[in-house]
Amino acid sequence: MTKRVTQGPAGYMPQSAPSMGVELAPKGQGLLYGNVVTEEEAMRDAAIALLTMANPTIFPGPQILWDWKDDVAEKAAALLELASEIPNCKIIPMPDYRPKYPKIDVKAEINPNHPNLTILDNKIKACIFIGVHCHYANLTLRMIRAGTDCYTIALCAYMGHEEAMASINDLHASDLRKFKEIIIEERKKLGIEWTTTEPPRNPSLPKEDNSTLSPVDYGEYRSLIMTKKGEHVTDVE
Amino acid sequence: MEARKRYNIRISGLGGQGVVTTAHILGSTMDNAGKYASLVPFFGSEKRMAPVEAYVRASSEPIYEVGEVVYPDIIMIYHSQVITHGKSYTMPFYTGLKPDSLIIINTDRNVLEEDDIQVLKDLNAKVVQFDATDLAVKVAGTELATNMAMMGMLLGLTELVTTENIEKAVKERFLGTSFISSGGTAALDSAIEKKFKKKEELLQKNMDVINKTFEMANSVDLSGSELIVQLAPNL
Amino acid sequence: MSYERPKLVKTFVDINYMLKEAPRKQHFITGAQAMAEAVKRANVDMAIAYPITPQSEVMHLVADAFHQGHVKEYYRAEEELGTMSAIAGASRAGVRLFTATSGPGLLRGLEAIVSWSGHRVPAVLGILTRVVNAPLSIQPDNIEMAYMMHCGAVMLHAENQQDTFDMTLAAFAIAEKVDVYIPVAVATEGFFVTHAKGYVNMTSDELALTPFDAIAAPVPAMDNETPPARIQRDAPVQKSNFMSYLIHAVWQQEIWDCNKRAMKYVYEYLGGPIEVQNPEADVFVVASGCAAAQAREAHRTSRELGLSVGLIKVRAIRPFPVDEIRATVKNAKALIVPEHNIIGWLAQEVKAAIPNGGIVVGGPRVYGGMTLPVELIMKEIHTALGLEFNLKL
Amino acid sequence: MSLKYVTPVAMFKKYLPKDYVELVDFGPFGKTQDEAGPGNMGQFKELMEEHPMCSGCWMAYYIRLIFASLPCPEETVTLGTAGCGRLAISQAAVPFIYGNYGDQNAMASGLSRAFRLRFPDKQKDVITIAGDGGTMDIGFSMTMHSWIRGERFTTIMLDNEVYGNTGGQESGMSPKGAVLKMAPGGKQFNKMPATDLAKAAGCVYIVRMSPTNIKKAAKIIRRAIFVAREVGPTFIHAYTSCNIEYSIPTEEVFADAKLREKDRFQFEEYMTDAAKEVIDRIEAEEKAAHRAKKGIVEEEVN
Amino acid sequence: MYYVAKVNADMCAEYKCNTCTLYCPEANTLMFDKVGNTSWVDEDRCKGCALCVYVCTDMLSRNCITMEMVHGKE
């Protein structure tokens, strides 16, 4: 198989997978490195990546994090089961799409506007995106391919994603369970010992300890150097 | 690293460290020395702890290129958190670094991890780590002179200009009127000035810092094979 | 203030049935009527209009369709920027949208239209072409399509009233595909098509396309039903650094990828982006819109004369059928591109699509409302074949 | 019902960042004004987030107030345009639509109509929050026409009397004589009569104010939203000073707001009879609900 | 070298007043502790505008909030 879409870094200005001629897979089939393959083949390659590469991570998006539709809970349960079968897998959410300012907590979340930060900081070499709206997923996947060497897996309820190394479309909870079984099979084949364990909870950073920071840590802008009451800086002696 | 005709410099730091100010002074210094520089303005409002980047091109020849410095040959890191906390939008901090290049980091201890060290070794880079904040506090009595220490080290190591050129540029920055600063920078300036009572004193303190870093830079030998040169504050 | 509009009971059908299987009846109607009739059958939630009369009566007819109950919501907006912005706003609520404009109106709304693709607005825009240059006139001339070509939108160009009907219906289906989800513009020539009557085979207006699905979308509808709650659509990048600019760069790429993905649906619903007659010919006439109608006449006349002439009608201007044209004309000796504008945007596109652009004859071109006589095309055909063709006037 | 989309799937709650969980647990979604309103700001997790606006910014303060006053934040969508305000609005936990320059009222026209079409049985609040430039200069025709058409949503103009975000240029709302960029000799013509224009254009509830009294400011925001739900366009013209461009020392921003209340931003409240009816009805209902609740509490105490 | 608001908790607790928290331009920054009955400042988020000082001192004459310089290594 000629790998048309591979792990990055693809470079400063990545070429998009569709512009390289990659087309979405029809229903019932998946994409692997930009080629149409059976769903199982894509899942198997993805499973091996998740089992053998450093810091496998699942990035759940808003559609699976928030309880907005009847079938979400079932999918979420299936996803958690799957995550529990991947040794040392982490879950880092993408709870929304706004550009967060000034900067996200890279241990606790991933943001579609600069997903590289989370991937690089956590040294993630294989990851799954699920429940992210297709537009934001495509942007994120492309930026990850541009700036990191992470193996990306897209689990999509709709058309799938050309930018991912492995892409499954029309995903239902049953597909997640199938994927889980494949992971277990491959794990056994690879001889990896693992007891089913849920990923650790979100490691939101504790508040920064103010007393250890030097004033130079703080901003240059007008908001910062403000005078004490009754002590206007109008003139310099 | 060998002297080059042209240095493309990327400066990363946190809001409040004078990253953009350095870029401006660096530019005028090159101009005063009869050389060339180009600056790239950095848009976007900043606040404390927010990542800030500035870009300067310095050369003995005219510069045509515009835009941010994507492929630098010098990277200056004003705060170790840029590396340790990933407080930069350019991740990792050495992204785009050209071979045989120089990195100056403001820190009192090594902040590079094994992975980073390997990449930088492959690039045959040199990393100078020194505590610029400590130096600023000890010599000028304020950490706000950290940027002067960083700039002094850069110019001392590259020998692009003389301290006279720098003095003129610093004078322009704090005494002259040609520099248009943002509202925030103006407030910062007045705070610094207030602290020093007299502008001349402020200027002198800044120059003391720069002279000190020139001295330190003189003692640095970058021809060795080791990647990291850790300078102890020689005070 | 309010009056009761009739509640119509319609049978919902999918686009394939509507376009390919549903029984049709022939009508003799104008192009504007054909577009409005398509809107009636498209189960449009909301139409917003600004007159810029007298370019076409499409939006007047859509207003009537609203009155009759075929369209659920409609209003006349203040001007085109307001219209196009309102479309963008309404689209965030997850509804099916239609508007139409032309020439100067299109350019007035262009600031908003340019941003539609990036906002992922799957609206359908009718363009009833008209002169935009000074001195102003009300004549047909499709130069505004050149401005539209770089917006990211899918663009279809209708040859006649029948095309206008079919393409408008297909446009809704294409625009709403999750992997496309960008606006689709259906253009046709003012006057020559919009005001002229022709034969249109139409499905019954008791059929309507299945309703808009606000959930099957690549971006969340901002309806407080779909997460996330914390969302800004669509933000300018707040940071100045090449890595944060990358979001904008890949966003633009995504729009053109969507445009590219639309091609498979152009095949599915319209039979492909081009129509080819006599693929073995030495000389092809390549044309879109009503120039294709003239080209079709020229092709017929040429065949009657025994000349080796083929026809390529370009249905999709965006995505542009680069591969299809290249494959069709690989042995051709000349390509004649008749157009209804002075700059020759189609000729430029065709030239850029093939390795031997020198074989493209940019013309004949008419503009400012001038008619494109078939004889002008015949003259070019003869010249290309090394034959004499006497044409006075 | 709509609270569902701001509720995490139970088993994923522990995977959400702290910040999000706090908003779910201590935020104002689904709460009353007594539980999480302007009267007890500082005691719950607010919808507005950390923002990059200047220190002491009265506009940031007023935006904070708007978000705390929303009658139903989980059913509210905000729209805005370029300007300082969007730096804070875009960070809030309420959907925010940022379109093109000055087109917020045109977008809101489409959006609010589409909401009524799609959700005939639900009340979705649409609010445009834009600056004086976006509302009265570049977006003027779209603002006016949305009012003339009687579009049922709320327009809030954050009037800092200057283009603050772009560096201090004169706007139509700058007072005559103000020396600003693009007006080096002082502004040559008068501040635009925004509330008069609104009245002429058919707004059914109009207020000009300087937000110094928190309870009053909150009441007005809520009135504007309630009236827009049922009657027609509502407009709040609020003074939100730019302490940078007008050189107001930050600790005097509040005092300045009080001062302006005496000249350019004298309090003015206009409502049509239909609007008054809605206000009276809803406020009576609120009062009754409040009393009933208080009664229950007292009963429990007893 | 910047200022943040500091609340004198003992003084503040006497007044059972949370007026200052209602006038801060920053959300989730100047908070009120219902148990201790006192306002407190999240120093990471305080931008040092001193609006709360105006409220507490000039308006209410209670003088519970002061702006204090945060010192670093100096």
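Which chain is which? They are A, B, C, D and E, in the order written, and residues in each are numbered from 1.
Going forward, a contact is a pair of C-beta atoms (placed from the backbone, for glycine too) under 8 Å apart; a residue touches a chain by one contact, two chains touch by 3 or more.
All figures in this text were calculated on a predicted structure; none of them were measured in a lab.
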More contacting C-beta pairs: A-D or C-D? The answer is C-D
Quick one: point me to the chain whose Cα centre is farthest from that of chain B.
C
Taking the mean of the C-alpha atoms as each chain's centre, how many Å separate chain B from chain E?
37
Gap in Å, rounded to a whole number, between the CA centres of chain D and chain B
44
For chain D and chain E, let me know how many angstrom lie between their CA-based centres, rounded off.
25
Roughly how far is chain B from chain C, centre to centre by C-alpha average, rounded to an integer in Å?
55
Two or more other chains in contact with one residue: find those residues in chain D.
5-6, 50-52, 54-56, 87, 90-91, 96, 244, 250-251
Among all residues of chain E, those touching at least two other chains are 1-2, 47-50, 53-54, 72-74
Going by residue number, chain A touches two or more other chains at 12, 65-66, 68, 95, 98-99, 101-102, 114, 116, 147, 214-219, 221-227, 229
In the complex, chain E residues that touch chain D:
18, 21-28, 30-32, 34, 39, 45, 47-51, 53-55, 58-59
Per the touch rule above, chain C residues touching chain D in the complex are 45-46, 48, 72-73, 75, 77-79, 81-83, 85-95, 111-112, 115, 119, 214, 222-236, 238
Under the definition above, what is the set of chain D residues touching chain E in their complex?
38-43, 45-51, 53-58, 60-61, 64, 67, 214, 250-255
What residues on chain B touch chain A, complex-wise?
14-18, 20-21, 45-52, 70, 79, 81, 86-87, 89, 91-92, 95-96, 115, 133, 143-144, 146, 182-188, 190-191, 193-194, 197-199
Listed in rising order, the residues of chain A that touch chain D in the complex are 60, 64-68, 72-73, 76-77, 80, 91-93, 95, 98-102, 105, 108-109, 199, 201-202, 204, 221-224, 226-227, 229, 232
